[in-house]
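Scrolling down, you'll hit the structures one after another.
In what comes next, chain A is part of two complexes: it sits with chain B in the first one and with chain C in the second one.
For the complex of A and B:
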């Protein structure tokens, strides 16, 4: 699961108020380099929730200490007004190249855990959770 | 071929064996590809800039490939874990191209777990009909369809479009699906390709927020009204006037003057002895007293 996907996901469990953003509890994270496509990022950027990206970066940074395989960019709290290529490249790499392979997504309101297995988050809810 | 929908839940039908079979059959790939291309055509996406597309029932990611070739970013969800495993393997095979898609495991009948107004478009190939069947007492097809469409309405960006190709078992299913979509607020309808062929016939439900074309009268009415309306359209399509009541026909007298003259003429041509036509012919007798 990419961090980009995490930005769109929201919990729909019964009893949630907002269910967004989901907390990430990573167990295994992999970096897959891909060619940086800044124009693609720029068209997607207005629809992204920047504060959720920052929050995801913080959560992955705590995991980073245990494993040196990847680096989380140091993102400012607010989206800078002028976007230089350096910042965009770092953001692109964070959103597209990092893959959470194993771990959990946790609903911030109810604490319901959604498991991530082999890079695929499982968002299936049981009938009584709807 | 019997319908796989009747055999049970989609995640049970598309097991590992079925998923591999599906993915390696060149006929299946060809058909799915063709449908996807048609669906993308109906989406009317701007190919010059990337859009974010939701692929519901992505299966092994065949439809995602088409979107990728056009430079769009897609997010696929499917209820079958084995299908997703095959899709994941694909992604690893084509690492050179670097897939723009991502996958998640989800059941569309329980609503879509996304932030509102996220996606530019939504595509779904041969998946929607699965919602018309229930596999447990708790599953109500109508409820699941409503939940799906109302969540789709929220996650789509205003001005976005959704094209959902499906195989309805009966005409009622197609009506149920499009009716539910209309009820949650979508505009649009069903496009049928190759309507004259039983095999190649394809249904595409095209949904948008665009109300420039006014909805058909009664499209937003109650279910009862809708059914009445449907009934009439079906009847007309078949060329009969069922449902529409015609005023009772006035009973015509059988022995009219024309009929008698015609009959006399016919007898005359046969050479029979017939009384000549006079002003008294076929005149009514005076009433009795």
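For the complex of A and C:
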């Protein structure tokens, strides 16, 4: 699961008000380099929730200490007004090249854990949660 | 004779004779990617020269054994009404503003790179040729058209006029603008370009002498370069078109050349018949005519993939679907019924960022490290697709409510219950038993059957909600021939139908690829109204889409000897099952 995907997933267990953004509890994260495509990022960026990206970066940063295989960019709280290529490239790599392979996504309201296995988040709701 | 407009250049597109209903749709979609509107004044579709009536049409059918007698007459009528010819002539004005965007093209497709290296000196027709050849799967070759007509004489005459105009003798003063780079001027001056002239015929064979005679008609071109049969710089092609059937074979009848078929009876040859052929003369673009482009699809063949399922889409059709969806570099594409990912592979190969969701975790995980959806992408050096296990029936509950439309295309083959049944979340019980919190982490969520008509309605709703304006939904639907696409397909106020392409699979059954385009913004408060208007004829239309499996079963039961065959199959299954049981038992005893 990429951080980009985290940006639009939500928990909607019966009775949840918001269920967004989900907390990330990573157990294994890998980096797969891909060609940087800034024009795609620029069209996507206005559609993303920037505060959720910052939150994800903070959570992954705590995990980063245990494993030095990847770096999390130091993101400002608010999206800068002028975006230079350096910032965008760092953001692109964070959103597209990091993959949470094993771990959990946790609903901020109910604490319901959605497992991530082999890179696939399982968002299916159980029959009593519909 | 059809006059050619000297202020325009003409391009002949030769299609492969397959997926006949898709040809124009694919071409139009690929041109749209480059901002060219197929059929507009900037890209006019010229009428093809009339093919003469087939002299032996009616009698031939009766003599021909392989034609099904039951529906010959109707079939023949239908075919005559709507016969697709594997050619298309497009004409563009020399000063079209939209054409030269080659830098973009070169980035877009790897295979185009080597074509586009000489982009600086490229003429407009070469640019168009590259655009078409680098993407269209169903295009066989593209030619810069110098002349065409219903007979060889007309064709020769038109080529003569065309070269006269372009070499600047008559109306050249009005044409010599900077944009006007007529190929002939360039070619006739260049002594270094080797060339050959090929005579290509469809559905009949000409003897060498006749071919030579045809070639000599074009002597007046006076091309200065050396003739070279192997790998020349330019290939000039004279195409003689005769009427073909839906499989690309000549129509039965004609006059069979008995001398030619003497030793080799199965390969029937048809004698050329001047009254039924049209001629096209031009220069092949993007290499010689035989150069295999076809959108560079062959290496993606399903045979080469480690992970396949019963519903994997064949490589050719999935590339056609990607073209119909207008998938390009930087597109974001969703397949809500991803399965083994076969459709997304073709989108990723065109440079898209792919997201796939499915309710079945088993298909997403695959059969281990080297046989799963991700490995199918890795095999072609494509970036990992984004896979999510979620339920398309409740899309809006899995994804952010303030979700701004972000997908450029949704390309999918929904489950129709023929080879893969559809499921959605939920229990069959009215009051589902609560799951113990201690078991929550490894509880297997229950699913229940998902009615096909609801699959369709939900798909359209998700598409309307998540596509960007102008984004396209492309989906496959199996259907019977009597199916009325206009009234029976589901509809949505925010989506308009652009193309419907029919692929026959058997006499009665086929599948349609439906292309819809988002035309207006989705208003979430109107959802109920949208859903209520999905079917034109209410439940009746829904039912026609839905019960295809049942109809296939019913149709199968009507076939002769159905009962006996079913009994044999049942017996075989029973034996197989017992055998399996026995092996299992033996293993247990051994250990």
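Criterion: the second predicted complex is superposed on the first by the 130 of 130 C-alpha atoms of A that agree within 3 Å, B and C clash if a C-alpha of one lies under 4 Å from a C-alpha of the other, contacts with A are read in each partner's own complex, and residues count from 1 in each chain.
Definition applied: contacts are C-beta pairs under 8 Å (C-beta built on N, C-alpha and C of every residue); 3 or more make two chains touch, one makes a residue touch a chain.
Only a predicted model underlies this, so the values are computations on that prediction, with no experimental measurement involved.
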So, after the overlay on chain A, do chain B and chain C clash or fit? They clash
Checklist line | Which superposed partner A:124 touches (first chain B, second chain C, both, neither) | finding: both
Output check: A:113 vs chain B and chain C. Expected answer is one of first, second, both, neither. What do you get?
second
Discussion item. On the A-aligned overlay, A:20 touches which partner chain: chain B = first, chain C = second, or both, or neither?
Written reply: both
Which partner chains sit in contact with A:77 here, chain B, chain C, both or neither? Use first/second/both/neither. neither
Query - Which superposed partner A:49 touches (first chain B, second chain C, both, neither) - result: both
Of the two partner chains, chain B (first) and chain C (second), which one does A:10 touch, if any: first, second, both, or neither? both
Only chain C stretch among 22-30, 40-48 or 400-408 with CA clashes against chain B is 400-408
Contacts of chain A common to chain B and chain C in the A-superposed view 1-2, 4-5, 7-10, 12, 20, 32, 34, 39-40, 43-44, 47, 49, 118-125, 127, 130
Residue positions on chain A within touch of chain C in the complex are 1-2, 4-5, 7-10, 12, 20, 32, 34, 37, 39-40, 43-44, 46-47, 49, 96, 99, 112-113, 115, 117-128, 130
Given the complex, residues on chain B that touch chain A span 49-50, 52, 71, 73, 75, 77, 79, 81, 84-85, 88, 95, 98, 100, 102-107, 110-115, 117-118, 136, 138-139, 147, 151, 157
So, in the complex, the side of chain C touching chain A is made of residues 329-330, 332, 353, 355, 359, 361, 364-365, 372, 374, 383-384, 386-391, 394, 397-406, 425-427, 432-435, 440-441, 443, 445-446
Within their complex, chain A touches chain B through residues 1-2, 4-5, 7-12, 19-20, 32, 34-35, 39-40, 43-44, 47, 49, 118-125, 127, 130
